[in-house]
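In this document, chain identifiers A, B, C, D, E and F correspond to the written order of the chains, with residue numbering beginning at 1 in each.
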């Protein structure tokens, strides 16, 4: 497994999936490939020197391969020099799938049940009907898809992970702010639906990418549209205020125009939803960047946090 | 008619519609009303002093009234002092409607026919089918609705006016740039659909206002959604690239995130559409502000043009 | 009490404190005063016409007065016309104090105890010592002061209210994100200290205002400085990393330079603290603005939320 | 010709002009040159390895050379490896000039005549006199110069191409908006003069570059100054309002301060001019970037369009 | 004189010039005028009630009048209620001019001589010739004109005052930074020319206003143009690098695009010039705003300083 | 010495300090080191090829080494290829210190005396006491420390150099603006204290870097805190207005929130201080960038000046 590789080992054997393949030309004027390889324990860079046109055609993103390689240290990072490789396809490739993809650190079945339970407990009959319909209709996608191409939650079941985490915080917020006028069904429904459109925005291959639809419309609009379509199917009037509010929560969830929300939060629940989304994204991005570091080290500039650098201090002090 | 009023006339009789009603308190501590009155020749401010609760309830936005008033000059603007008024309702009010609303300076029937002709001439069978369906299904609204609450094209048939003007420019652009790769059917369909969602965003009363749906979603999302629904009705696959592109043109038509587009133009036709929309809006806003001025005068700061002031010079010099 | 006033009542008797006093000139060229009056049930505008120099001198912000007045409706808001007034001072004024100031809707004693308990449970000995010292040394101020001049939490014990609420959410966040590396003692200490400097930034009079120190330095710098001084007193090395981190959390709590943080969050706990502060402020501001409205109404533009307008929908649906 | 080169050919012979020459050091510690070569069919990158000081001195921007080279594929782009070269100078170089420079895809003579005709048809005698004078005085430069160093219209006669295209659109705009108060002579004169200062801003060598004057003042100021000087020569009062307006159109043509306009558009014609300039630039930049791509591919980030990526869809559908 | 007026005096006699005249309507529905009056000791607001059309026509900006009025206190500011007035014109008005306009607190003759001396000491023959020519040709305007319509240096000889002050600081900067490569002739010439275009930008009436030329081009472009014209007259090549640099210093003097510079500082002297301009403007604006205040008071928000408020502390402590 | 190196020399011997060490991998897959070397005559890049783990450990920032190398020209810049090296430590290294560090071009002793003299001449007894105390307590650090890690004044005694230069300009400003209300003691004290916190923000090693304290709080807050602590030590009330004002000047010295000032200038002296700081920084940065260039050349984009490029013209013309 990738996580077991140590430096300066020869003849390592691995079955991996190619995340990205980049062509270069070495100073001897021969082409080479930089490959980003993944299995469910991690990611590693690899190089294959002096490649032929056949190599370039064979080694593309999404391809499963078995490689033989040597490991070395480059700029303090492990790297592989590939000596030989074999392309796997069809059945042969499929039986490796579960070992190739990183999954969210959650119990999918439990989180899914909790999610359904939350919806079944809604007092608002319309919200309950619409959200349950959409969840059940898209159960497989909703429970397995990642929530991003790069960055936070770009793992199997990342969408469920992100949604379930926000839902937990939302419930606590509702308790802490019990004396404010928060419609909790609306807030919870908004949390569950806010990234739902990602099912159509991102492709379902092992290696996630944007669909044409995703590029042209974006998940926010796609999610809102799904709510409208569900109403049609369920013979619910799309002009019901609670439906318009739910669509508003989805459309306004990015909170700012410059992040692609066509309307800004105009009801309290929409503002809270945006804040919770922001909080979850930022904690996850920072924590992801700090995890591999030792105390005293600093991350690279994090683009999603205005280019800030974060420091790893002594870290977590937990109660016994 | 409002346009015929001159200063210092007594006992003027007018039938008008109330655009807005604002309550104030005079220095004698009695309430009064400032009314913005409209007929199809213009708009004028009026005051009714020492109002009762009954007056306040009766004189609201959208109400048709016959008034008796005196005219005076206030800060170089005409104003009415209302002496007496009579509320009109039902049939009685309706028969005045056509005299109360300003219409776009276009031949609605001719523009509508030209528009349909343009679509019927599309080579792209899918675009033709979808756009024709939507136009015909919404003919009455599309040909009578304004394109805005305030500002440019806030007149009867303003939506058709704005759309038809942009379409004319689009056709000329396609000719001038005949050697660039512009899909003209897509561009024309985008122009026709780009403000289509305003039918649902704005209320259809004589006095236009935002609907709940408009406030919560905005016309850009509503227009894109209509295209999706039309596909369903017409059994056209919503994933057809040309449909996704058309929706993209609508969603990207504001051109910048801060103007409420959830995606920015990503195909050439989307960028052109945005530029044409911008051009038509700016010419109309500046021209509207300059129209009532004499040579040498300046407009107030125009918010839609970054607060700039525009000067009226000697003006148009036309060929004989 | 102010909350009991209804329109068009004569000869109302009230003891109130003056929040602000503004001079004007009526159209009869005589000066008048607009007074903003407060008791612990609310705030109301009042006018005193034809004032003398003596009146102007007597009726200033912070003064306690007993008034006789008539109520009227002005622009849909209640207003008082003062007929007569009597200035209270010394003991006489003081015995009204508790009826004049609005208090936070919390059990101050309980929240204070919970706060102390949280600190006493810290594992980190340095943080425990420093934070306990500062809390106990400033108990009276910390438990009674408001957290703002205008806007959110501008009530008696507002500082404690804001701090205690954030602390509750912080504890829930720590639970939801139990698998991330959050130093909970540091986070809780940061929450408790982040607005501590407001004790020096704002004056302690009944009517809150900025001190010279507050204007020249701001509460963020004042709070950080207090931590340094406490270390001196307690003979703790000010260069202890945990102390520098706590000061960093306070200095970075506004999260952005444009909100007056001299450093931006550079550790995970600082980012979370900023997000929680933001969340509490925004919920409170929106909720305060929505509270007095009926369903279907909209707030004025909220400056602290980029000028957005918020809509009151049907509101809270709670479980039985 | 450059456009005829295919990969993996040896011993290619070409006469080209060097656009840019960049020095590097190979991993064998020997210097090499990266050359950007141009003829009138395209542009290609080339490398010359192990260069001497003599090579570096000889192979500079603007030099015409005959090379012998091999072609290869590097990152999916064609590249040349130069084996041998010969420097051409004087007469020898000049006879290749017409084969080395890319020209605008227009009939220069015809466009120039149309331009003159437009000016001769002006009703405004002053504008006619001034603009004709400037055009005739600078005919050679105006009809041959590029309109930019990099980016759009950086080709022989690019200035005429850009100007003539905008003039065509301007004429159509005047027709579509025939009921608005547009002074068409002023608009057309502004279009013709708006980039006129580029004659002095950019050097007239085969390889365009900024002059000292261009760097210190910019073409906008230089163009406005030329209008003033023409008035002096023609004994026209420089304070004539129509002259000040024409200078304003030139100075305001970038439309925004951040693009270097010292005044923003303050008359309708200035705003239209800016919009047309913007439209032509953006269509040209996007089309240039899309041209070499196949359907389904995307451009790099286009800096002049806020870093957006554009997609090439199936493209143009023209009427039969 | 205006500075001698105290509150609640009747029958004050004054000869003043009207800076601005604004029409209003009183609550008795009669029009009135608000006049801003000026003499060389200050500025005061005045009201004339129940005005006729004749009054409105007579009392316009720039008019010299003798008034009889009563003083009163309005919002802590002195105000006049005009009882009677008499219009002065022709010779009669002119003999009051010197008492109506505030002059810069400088010895004009001495500053003018020092300025000329500085230029005569230039080593650079071209700069000396051009700047001397322009100064002498425009001596009267340069030594009497204000430097602004509103705000800083909007007084007689304000242009000379601002220029001479900057020149003094420039000379000290050159001394302090004697070891940096500053071309002092260029810097001093730039300082002297940087606002020279204001002679054409602003009208020369007693009450300053923007000219058409000023509105359409701005003083920065006008100043640069004057340098070019002077070269023509003096038969100096306009392409001399030192001339292009001087024009650059003028064009870049606002330092930022958003303040209307078409080019940003690209040589060290241009950057210094911008900084000195900024420094002088800011000191003057703040000092002007602080002057009338007592210790402990604060200014209104100063728009030219990003809306900041400034505090007057105990103030200047000078050496004996 | 580094300044004496010329291209293509073999076997150069130098004793230098390593400013930075960066690891790379050559195309032969062997690691190499890029070293930035410094002595008191300049800085140069060097490469060591085929390094071992031992080399990497030995050659780190701050290490003093004697090298043997060859010089070559790379991209028009001198570079060294290291053949051999020897690590110096302890006493051996120390005796080279004075030859390794670049010092500010000032007479430290004289500037320090002048600085003390300025403070001793203060009329304000409190400012005199506090500033003298802080200066004397930190004399060694204040007179030897650099004022930055990179960029301007990053040399030995850079802090004193920057402070002394600003103080000179401040004194001239006070003279030029003698008629404005500037408290000169406050301004001078502010200048002296404004970067004082850098003593704690930056480490005192030969190779400067940020301390943890510097990273977490920043020099602005650290400087303000030092003033508070000095008051404690000297038994001066920290609430003295003049102390609060001095702290304000330090905190506001960056002038804008985005540069890390938690409060913006609110008194005239604070605004002047910010402007002087800005002026000194910009002159120094531009001059540093221009110094090594020949006439006619341009700098790279200067990040601290919004990415502008500066041109070196013929330069300084001094009086004989």
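Worth a mention:
In this section, contacts are C-beta pairs under 8 Å (C-beta built on N, C-alpha and C of every residue); 3 or more make two chains touch, one makes a residue touch a chain.
In this text, all values refer to a predicted model and were calculated from it rather than measured experimentally.
Among the other chains, the CA centroid farthest from that of chain D is the one of C. Interface chain A/chain B: over half of the residue numbers present appear on both copies, so the contact uses mostly the same residues.
Ranking all chains by how far their C-alpha centres lie from the centre of chain F, first place goes to B. Mean C-alpha position of chain B lies 44 Å from that of chain C.
Once the centre of each chain is set as its mean CA position, chain A and chain C turn out to be 40 Å apart.
For chain F, the set of residues that touch two or more other chains comprises 27, 215, 241, 245, 266, 311.
Contacts from chain D toward chain E in the complex involve residues 212-213, 215-218, 220-221, 224-225, 228-229, 232, 239, 241, 244-245, 247-248, 251, 257-263, 266.
For chain F in complex with chain E, the touching residues are 105, 121, 123-124, 165, 168-169, 172-173, 175-177, 179-186, 241, 245, 264-268, 271-272, 275, 278-279, 282-284, 286-287, 290-291, 305-306, 308-311, 313-319.
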